[in-house]
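Below are two complexes that have subunit A in common, paired first with subunit B and then with subunit C.
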Partner chain A sequence: MNAQAKRAPVAAAVLSILVAAAILWPLVAFDGPWPRELGAYLESRGLEESGARNLVSAIYLGYRAYDTLGETIVLLVAVSGAIGMIAAAGTTLAIDYSYPAKDGAVDGGEAEKPIRRKAKKNRTDLIEVVTGKLGPVVLLFGFYVMLFGHVSPGGGFQGGVVVASGIVFLALGSKGKPGGGLSSASTLAKLEAAGFAALIAGGFLGLASGTGFFAPPLAGTSPLGFIIALNTVIGLKVGAGIGFLCVAMLGEADYD
Partner chain B sequence: MIEVLLICILALCLYTVESKDLLFGTIALSAISLLSALLFYLLKAPDVAITEAAVGAGVSTVVYVWAIKATERKDIS
Partner chain C sequence: MTGIAESIMSPSDWAMMPVALPLLGAALSLLAKAFIKKGPWASLFEYLGAFVGLALPWLALAVLAPLVLSGGSVQAIIGSWSPLVGISFRFDGLTWLVDMLGFSVAGMAWLYSVGAGPKGPAFTTIYLIQASALAATAATTDLFNLFVCLEVLGMASYVLVTSSEKPGAFLAAFSYLMVSAAAMVFFLLGVYGLYRLTGTLSYSSIAAALALLPDGGGYTAVVSLACISAAVALRVAVMPLYGWLPDAHALAPHAVSAVLSGVLIKTPLFALSRFLLAMPGGGMAGQLFGYAGAITALGGVIIALSQKDAKRLLAYHSISQIGYVVSAWGAGVSALSRGEAVGYALLSAAFLHAFYHALFKGLLFLTVGTATDAAAERDVYVLRGAGAILKKSGERLPFTLLSFAVGALSISALPPFNGFVSKAALSYVLKGRWEYIFLFIAGIGTTASFIKLAGIFAPPKRGAGIAAASSLPGYTAKKTVMTAQAVLALACVASGLAGPWFYRFVGRLLSGGHYSIGVLRLYDLDSLLKTGGIVLAGYVLYKLALTGIGKRIAARIRERPRGFHGLFAAFSLGLGGLTLWISFFRFQ
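Here is the complex of A and B:
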């Protein structure tokens, strides 16, 4: 058993190297020409066709918004899974728990005495003041990154995670009565669901107008408005989702 | 500059894996994210840099720290 336990890390390392080699092998073995047509096309025409000034946003919402749907689904599944695990554990995480009084009962002595950790003590005045004051500023920056994704670096995902950081700051900085306003778990859950519904509805909009699933509706005109709308919706969904996860881990969710 | 950043990231990765205290490892992970964000910015990918800084240095550190706080800080074995 012991020898087996010692061999396990070596086996894991060998397995990882083999898998990495199998994945990287095609890159090394075949040196055919790298496909460049699409990249060149997007570089020369992308900004003009989409009307955006940030090529990254122009591509990921103007040309391949369908992939973006997949990315948001991955995030949704990850958040749902984590929330499900937290809820199934049947406990809120950041509670002030005490250990059963069994000091010395297991193989003896003071060394076994558990270190008591008080979760409530995490909230010092310093953290509350700094996060409470910084939260709205971070939130504002997040909304800026989200709404100006077509002009400056950023976009829905980037702005969304900054918004989530702002929500976490607000949740940490709310004195005494946490979980109010934007940092309440039920509000965030509803916001995430609404954002995802709006994203899918936006996808079907193109289907209804005949341009295709997740293609900008109103063929012929600039898809800039569609890009801004999708950025906003994705930002709200991502921000609310990750914020919800963090607030739930803080131990103030009511899971309903 | 890029090589220096990559070496720093590698050193911090090794420290993260080897550090005995989970909290130290988490802070090192956060530093890795910060350096990666700088690296992405130098490589002219500001979009990725924003994501890396917000997710890696911000949200995931918060999640890790809370998870560590919810467990016993004691080595069993």
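Here is the complex of A and C:
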């Protein structure tokens, strides 16, 4: 690499940062009055309309549940993409991009065996015992965060991530017998699919009961039940998805 | 029929169906993947999901057609919450058209993927999610929801690009991810700026609140508008923000390339027009987009002409063709924001070309994909006799060759194919502007480039290229592949013959019946002479490109330094330019 080619990325970075800073300065420096209307509305009507004491939950699972559906889907797609890449790593990354050589000439591509990375087995008894015992406790805490999202800070996404760490603990504490119980890849995949299907079914429930897509069903009643149900479903889906991803990265999944 | 449809669901529920049904299909397909895994039952549920997600939305479009044709629209808040905090969407003529564009290509490309891969419920799930996000993007009128839609759209694309499992595809998806994630940060900052000023997220209430502020929100509003527009421009791949596209579109599976090039770069553009038309200063942003579009049309074709890889060549043509669309779109947004009704004619021409490009570019990606797969060779200069190779692999009649010919003649704007009609509409509305000259020259380049690409079907020269006799096992012609190609080819011909009528139809839908587009005269001596001139000039350019100097220039363009950092520098320059441009006209 010559000197000019080395300097180009640095120059590009400096330029990008300078331009971005110059443009964004008015956004940062703006000190006009904050709009108050929406805050006042949520303060006076939020609890009554949604039934959720935690107004954050009221917003993301009530007023703007449709946005949350999108964000959940982003996570689902990202996890499935990452799993796909982990599964493909070693089988395709070693092969040259071009098509295999024709008329039988072997370009070294033939000999490449798929390399499956296994996690290093540098586990100790200490880790296995502690994580194995802690796993169920962490899971319980995750479910608490998930199910009480409407009254206290937390909810489906946060609870789901805690559940996922519980699953990782269980996988680490499985004494070298991978794929048992909740930490098995196929169980997690099933749980994730069922969570997603339940989420979509929840969306259609509103259509069936006449309130509209992704609206709390049963007009006239408190949407609190809907919020709790969404928190649970999202929590399960997020927990299973992230858990699946971690188990795959531990090298214990069969990717099917 | 409307009566029966309304007894099932209200119009606002039907309007959500193009979003909801693909999600239902995705759920079915994901369940099949997790619980059944393999075998006929898994395929059954996967195909059922694809049917629900890609075919049933047409029913919703049919139900809603009378409403939008009469100039009506559905405007509602999802979940019927207060408009202050809920998410608003709008199903009108624009939504209907953009959905139609999306589901036409997505349906056929999925059918193609059944034969040519990638297969399986995992792919179908992500594919359906992408279709759903396309429909959601077309309908939303809420700024944060637009962010979410673009995120889903983007995430699905990155994953679908990697599903070809070509190692280059991982890197292509990664740079696509990084640069659009960076752009989305600016989008989010733009949302913050407007929310900080107005405390609301729906387009109409932002516009109403800005009108009450001193100086319409000043620089904060301008910067926010620029950030949001630039982030969307990156998805549309307008120059200079195009650098991520060629790798991503060239290395994706063919079916995915067809959707990415045909649909995915256009939906955000038409979604942006809603936002720009509501915002003060949106017209100026649109105008700059239009100018950039004309430059993109010409720049894209120059780079395309120099390419060796067949799919990369097509990818650069997508950039060039989106330039045609954006130049008319930008002029249209600018005119409409000044209250000039001629803007509807410009927007209609832009949509017409967007739709026709979706059909013929989808077709080209599929047919060229079939040919290069069968021959296991993608180099335009090496591959010869693709027709003979396909015949050996089980294609009794040269369907792929014929379909490719239809696509190539369409993009080169020869009568009576659809590209001829949409380019005639573009010339008609842009005549007298400097953009017109750029598009005219780009047309010559397009013809030259497709004469070159058509060479892959030419009989092999002595010794050179691949002998058609060489045995290439592992590829067999599939019925689904043939069907998908044939349907798109027929659509190119039919939409070309019905072009003038369809142009008026688009105009009626986009203007809500307020504007009537004049009759497009297609086959008079003037336009036929012009077409003949373009073909002749294209042939001369093709011959020039094959000379020693031509080849050296091509190699120079092809091997120009491109890097990851360039994508970011281009984005910050584009953003800076857009901000200065809008500020200049707002505060002069």
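In this text, the second predicted complex is superposed on the first by the 199 of 256 C-alpha atoms of A that agree within 3 Å, B and C clash if a C-alpha of one lies under 4 Å from a C-alpha of the other, contacts with A are read in each partner's own complex, and residues count from 1 in each chain.
By our rule, a contact is a pair of C-beta atoms (placed from the backbone, for glycine too) under 8 Å apart; a residue touches a chain by one contact, two chains touch by 3 or more.
Keep in mind the model is a prediction, meaning the values are calculated, not measured.
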- Counting only touches as set out at the top, which of subunit B and subunit C does A:Ala164 meet: first, second, both, neither? first
- Message: Per the contact definition in the header, classify A:Pro217: touching subunit B only (first), subunit C only (second), both, or neither.
- Response: neither
- Task: Scan A:Gly51 for contacts with subunit B and subunit C and give back first, second, both or neither.
- Result: neither
- Residue contacts with subunit A in the superposition, subunit B compared against subunit C: C
- Message: For A:Gly235, using the defined touch cut-off, is the partner it touches subunit B, subunit C, both, or neither? Pick first, second, both or neither.
- Response: neither
- Go through the superposed model and pick first if A:Leu250 touches only subunit B, second if only subunit C, both, or neither. first
- Note on the structure: Intersected contact list for subunit A, partners subunit B and subunit C 93
- Query: In their complex, what parts of subunit A are in touch with subunit C?
  - Reply: 5, 8-9, 11-13, 15-16, 19-20, 22-24, 26-27, 30, 32, 34-39, 41-42, 45, 49, 59, 62-67, 70-71, 73-74, 76-78, 80-81, 84-85, 88, 92-93, 95-97, 99-100, 102-103, 186, 189-190, 192-194, 196-197, 200-201, 203-204, 206-207, 211-216, 256
- Which positions of subunit B touch subunit A when the two form their complex? 46-47, 49-51, 54-55, 58-59, 62-63, 66-67, 69-70, 72-74
- Task: Show which residues of subunit C lie in contact with subunit A when the two form their complex.
- Result: 9-10, 12-13, 16, 19-20, 23-24, 26-28, 30-31, 33-35, 37, 76, 78-82, 84-87, 122, 125-126, 129, 133, 136, 144-145, 148-149, 151-152, 155-156, 158-159, 162-163, 165-168, 170, 186, 189, 192-193, 196-200, 209, 213, 218-220, 222-224, 226-227, 376-378, 466, 470, 472, 561, 563-566, 568-569, 571-573, 575-576, 579
- Message: Under the stated contact criterion, what part of subunit A meets subunit B in this complex?
- Response: 54, 56-57, 93-94, 114-115, 117, 119, 122, 145, 153-155, 157-158, 161-162, 164-165, 168, 242, 245-246, 249-250
